[in-house]
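First the structure, then my questions, so here it is.
We call the chains A, B, C, D, E and F, going by the order they appear; numbering starts again at 1 in every chain.
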Amino acid sequence: MRPSKRPADALREVSLETGVNRHAEGSCLVKFGETHVLCLASLEERVPPFLRNSGKGWVTAEYGMLPRATGDRMRREASAGKQSGRTQEIQRLIGRSLRAVVDMGALGERQITVDCDVIQADGGTRTAAITGGYVALAECLKWMETRGMVTRKNVLKGHVAAISCGIYKNEPVLDLDYAEDSTAETDANFVMTGAGGIVEIQGTAEGAPFSQDEFLKLLDLARKGIGELVEAQAKALGDA
Amino acid sequence: MRPSKRPADALREVSLETGVNRHAEGSCLVKFGETHVLCLASLEERVPPFLRNSGKGWVTAEYGMLPRATGDRMRREASAGKQSGRTQEIQRLIGRSLRAVVDMGALGERQITVDCDVIQADGGTRTAAITGGYVALAECLKWMETRGMVTRKNVLKGHVAAISCGIYKNEPVLDLDYAEDSTAETDANFVMTGAGGIVEIQGTAEGAPFSQDEFLKLLDLARKGIGELVEAQAKALGDA
Amino acid sequence: MRPSKRPADALREVSLETGVNRHAEGSCLVKFGETHVLCLASLEERVPPFLRNSGKGWVTAEYGMLPRATGDRMRREASAGKQSGRTQEIQRLIGRSLRAVVDMGALGERQITVDCDVIQADGGTRTAAITGGYVALAECLKWMETRGMVTRKNVLKGHVAAISCGIYKNEPVLDLDYAEDSTAETDANFVMTGAGGIVEIQGTAEGAPFSQDEFLKLLDLARKGIGELVEAQAKALGDA
Amino acid sequence: MRPSKRPADALREVSLETGVNRHAEGSCLVKFGETHVLCLASLEERVPPFLRNSGKGWVTAEYGMLPRATGDRMRREASAGKQSGRTQEIQRLIGRSLRAVVDMGALGERQITVDCDVIQADGGTRTAAITGGYVALAECLKWMETRGMVTRKNVLKGHVAAISCGIYKNEPVLDLDYAEDSTAETDANFVMTGAGGIVEIQGTAEGAPFSQDEFLKLLDLARKGIGELVEAQAKALGDA
Amino acid sequence: MRPSKRPADALREVSLETGVNRHAEGSCLVKFGETHVLCLASLEERVPPFLRNSGKGWVTAEYGMLPRATGDRMRREASAGKQSGRTQEIQRLIGRSLRAVVDMGALGERQITVDCDVIQADGGTRTAAITGGYVALAECLKWMETRGMVTRKNVLKGHVAAISCGIYKNEPVLDLDYAEDSTAETDANFVMTGAGGIVEIQGTAEGAPFSQDEFLKLLDLARKGIGELVEAQAKALGDA
Amino acid sequence: MRPSKRPADALREVSLETGVNRHAEGSCLVKFGETHVLCLASLEERVPPFLRNSGKGWVTAEYGMLPRATGDRMRREASAGKQSGRTQEIQRLIGRSLRAVVDMGALGERQITVDCDVIQADGGTRTAAITGGYVALAECLKWMETRGMVTRKNVLKGHVAAISCGIYKNEPVLDLDYAEDSTAETDANFVMTGAGGIVEIQGTAEGAPFSQDEFLKLLDLARKGIGELVEAQAKALGDA
């Protein structure tokens, strides 16, 4: 029995709210249960040096946590003077995931930065950030489309969403919350496209190593969960 | 005429919502119109080195802005590797303001850190942070009172709230929003107690120097505004 | 009775010595009693990026303290790897104060940096720095005038000087030294022009909040003190 | 055809040389073809704060690259003043991988730090570092066993090794070198134990998303490669 | 002919003024012509960790330059966020030089930090700092002696002073000023005791390599100059 | 008797191996006994700002130590976030030494960076780095000569090599190893050209000051040692 009483293959309640910031070109407040991440997409008419005069654009992401997003207050990274290894690892993952569904030529020589800031954490912040970050990105492209800058469906090659799975008390379960995550034997994050292609897999044995069979069960759960997330994304974007 | 059509002595719509974070001992989402600041109070059973074994506690504050809280995206301070002078100046002000109404002996040897993170900015973030920070601090003391750790009314010597005033197109006005703030000739921040005592005054001539008369008009406006904010605080805390 | 035996409205002995550095375009060693600040103005034929091709110049200030300027040795900021919040707050104040009396168009596209380094501290270092910084700035403009670069009286719209006041043992007093500053109930810094306009006001209740009446008494004291400082500036510059 | 002419399921020539440093308690120079990583294990009689008085030890890893380990010289991280996100990500992976096969209670309250410094890079530095890092760690435990501090086979629960696989020109291949890695459509790193348990999986679509089938082919290749690496480890340690 | 018209073996005018700071336990403003360095010795009742409970003390030095001590304004190191390699090299040299004449056992478990801040630079700042730093250190020991903490002559094993020499237009000259230093072919700094022992030698060929003969001529000049500096030190300390 | 049983004027076994890195334009692994330094020269078609459009090139050096190059593991500088004063001092010395034998006009507007990374330390790392760095630099110039970019003998004005000497148990000895270095009374580093010109001298009294006679004995030893090193360099470069 999961602490949240959810069935093994059930997501937490998912909410994807757009239009939550008056300044950002695209915005989405994503909630996976008690995990809340504010995703804001900012458009800039410049690209990193390695893309100048290439005709291609860039999508990047940054990740942060408010100091008291977690059970114990953590030191503010701006005050510590550097981003932790964990933070950098997560923001690199979000950026790669979003770039996987973007046609940089169709975007043109512009950069979209997706800031994912965790307002409240209860496990799964990186998967929520990718799922909500996609919506913020798509909103930004809608904003650009309205102004005749791009055609959204040319830039976006498909949906991308992410979910975690794990082996909790010997049972494979979908969408770990913090109570599960902190004691799971195995923890894996999956990033997939709307068409079911795999973009990124990260699996880690926290306790004993896991087997190929166990891993495939987690992959099945992820596929189901991501299907539901993609539907929620489409609905939030008014594409359903 | 003010851009927002408000009368010269009118605050923006003020909202002080408590209980907005599941982890923090005290929390308040404060809105001064389109300026939104999340204030989270964290209790820790330790004090800074200079207070060890003194029997006294400490209250401190940290301030941050999400990179896209503003019209143009700003660089993330955690990524830049340091907090700007402006950030440090503001968080020092918030801390001093809150400490002005706390009896550190009655608090006991504990530290309360109030994190004020600007989710969306439209002028007046520091005054909103002080006003909402007070509510988060009071909520934290209620949490402690429930557990028999302190008596709230012994720790808190009164309310503290803050508001900005300025001279906009030659007229003294209350509670500047960004459209006014960016062109005001004079900009002043006032921090006062519920009893009308002055805790902090900061007045700056952005253009021509100002006169004593002008300054006193700003102070009058501030007194009116802070009276209304203190009422809103009491209501949010269930003390009204 | 003040520790220094001074009357409540008396400044410490003020000295403003020019020509104290062989390299700087303008220089002034300012002494407010035992507080000694070396102010050096450096002219550079460049402006910050936001002013390029604007035809306008810029004046900025930096502030530092020798590690043993104070009673206890403080850590060297260059070794600590960052400037404290206090340092940044002060240098921002000095810069704003000096800019308040400069016509940036008349200066032309050049930057003057005024370095204010505290050689010895005994309270009031920021007000001494503004007062001496003005003299160093004016000396720099004289140097430029000699070379036909500017007309000093076109660039400088007036004098600017600063003084602190406070409530010490229930009495409003002028120009706090360290013995007073460290125990004063209220501490305020005033920056004014030679014509009596207010450029900046910063008042802080260190203990109990203060009243409007008390504040106005401090302002009166400041007005008197700044009048004397402006006279001393004129004399030091040979304008008296 | 692979640039190196290797069959799809062939490792590069592997070399694991021990005893390569006179100071370190355990050392191994690992070569995967032209990728050379020096792994040095250092024993310290202290543990991180969170383990004090727990009776348990800790194993951690650090990773670095000489500036000219790569085709173009990279900036020295010590001079840049921080470790890149990539560096931190890799050293966290190495640490997790090594800890997966260590019984921290049997190690006792001591820390072993495994420094993995890339002397020359040609793709696969992180997998070489894990594979060689295990040997350095085991050598360190032999050193400790000689001195009666631990029993090696109690501390080490098994071997751990790592290899990369990828889809290069539509064909799944084992142990990518730089020429392959820089153009592969999919790149995955696998960390497994000697018994075939999976410790960590990281798969990334560099171009188009990949399918479950493709992923399973990579996993098969990895299993074969890691089997050979474990044999080489046993031989290097004199356990074969 | 030297730019300053000095004979080849002549020092610039030397001034060593004590009692120049009201807070420091020992102080000396040293002038080698237009090079002015403020040396302040601070006594602290603590030692670095490696000396705790050793019964021995420590002497260390820090070095800094005001940004406009030089002809062109340099960036403030506190603002740059780090000390330059040159600064660190110089402060390490000053510290070693002063320690060479101190009996750490006789000092007892205390640390004396000598801050050497260059107020104005015209070549030879490090040699002036060592020479003046010795005086500040001796003043500090006098202060301690007055309070019965140490016996100065037991702590100080002798004088230490320093001077630069160089080959300027093919002629060996003593005590280079900036005009000479910036064009000299060879530049050497010598640190010696009052008894003529060599503490430190640093010689650098700026242009062509130099010969042993040339070097010995520089050493002779240095010996003469340091003799005069030691006399000046004794006079400044009232020991002459 | 020296710990290594060497005669007073004997170098440790010297080895200079070229061609040790597949990427660098010039490379040399230098061994002075158990001190091993990897020297890699990287050519870049750019120069520092102060040389742009000057027609002249630049040679610079960086120095680092693997954390466990030494008997006790040291903190990784990249992780500490800055290079130590010692590191900066050494890399500045290596750079100056190499530049002393390079004709920057003949090199043309290009920069060669020589990275000297200590793989294993046993005293004398800086002198080994200079000696091996010269070989890496010469190898780089050979590489350039092959491509018709420069004429090596026009760029290199001669050899440069370095050695340490010291007074160990009252006897002057050549090429200190760690056992000697850590207890020597006097420690000196000499950098000389193949023609016997002195490029740099650094002598430090670790205990009692030393005399001119002692210093000249060290210089004689250094001259002998450097002669042997220059021969070894020529042989390694195939010039013998």
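Going forward, contacts are C-beta pairs under 8 Å (C-beta built on N, C-alpha and C of every residue); 3 or more make two chains touch, one makes a residue touch a chain.
None of these values were measured; they are calculated from a predicted model.
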Shortest contact path, subunit C to subunit D, counted in steps: 3
How much rotation, in degrees rounded to the nearest 5, is required to superimpose subunit A onto subunit F on the basis of Cα coordinates? 120
Compute the centre of every chain as the mean of its C-alpha atoms, then state which one is farthest from the centre of subunit D. C
Looking at subunit D with subunit F, do both copies bring the same residues to the contact (over half shared) or different ones? same
Taking each chain's mean CA coordinate, subunit D and subunit E are separated, in whole Å, by 51
Expressed in whole Å, how far the mean CA point of subunit E lies from that of subunit F is 28
If I count partner chains per residue in subunit B, which residues reach a count of at least 2? 81-82
In which sequence are the chains arranged about the ring, given a start at subunit B and a first step to subunit C? B, C, E, F, D, A
Residue numbers of subunit F touching subunit D in their complex, please. 21-24, 34, 38, 40, 42, 44, 62, 64, 66-71, 73, 76-83, 87, 113, 115, 117, 119-120, 122
For the subunit D and subunit A complex, residues of the former touching the latter: 82-86, 88-89, 91-92, 96, 100, 188, 192-193, 195, 197-205, 208-212, 215-216, 219
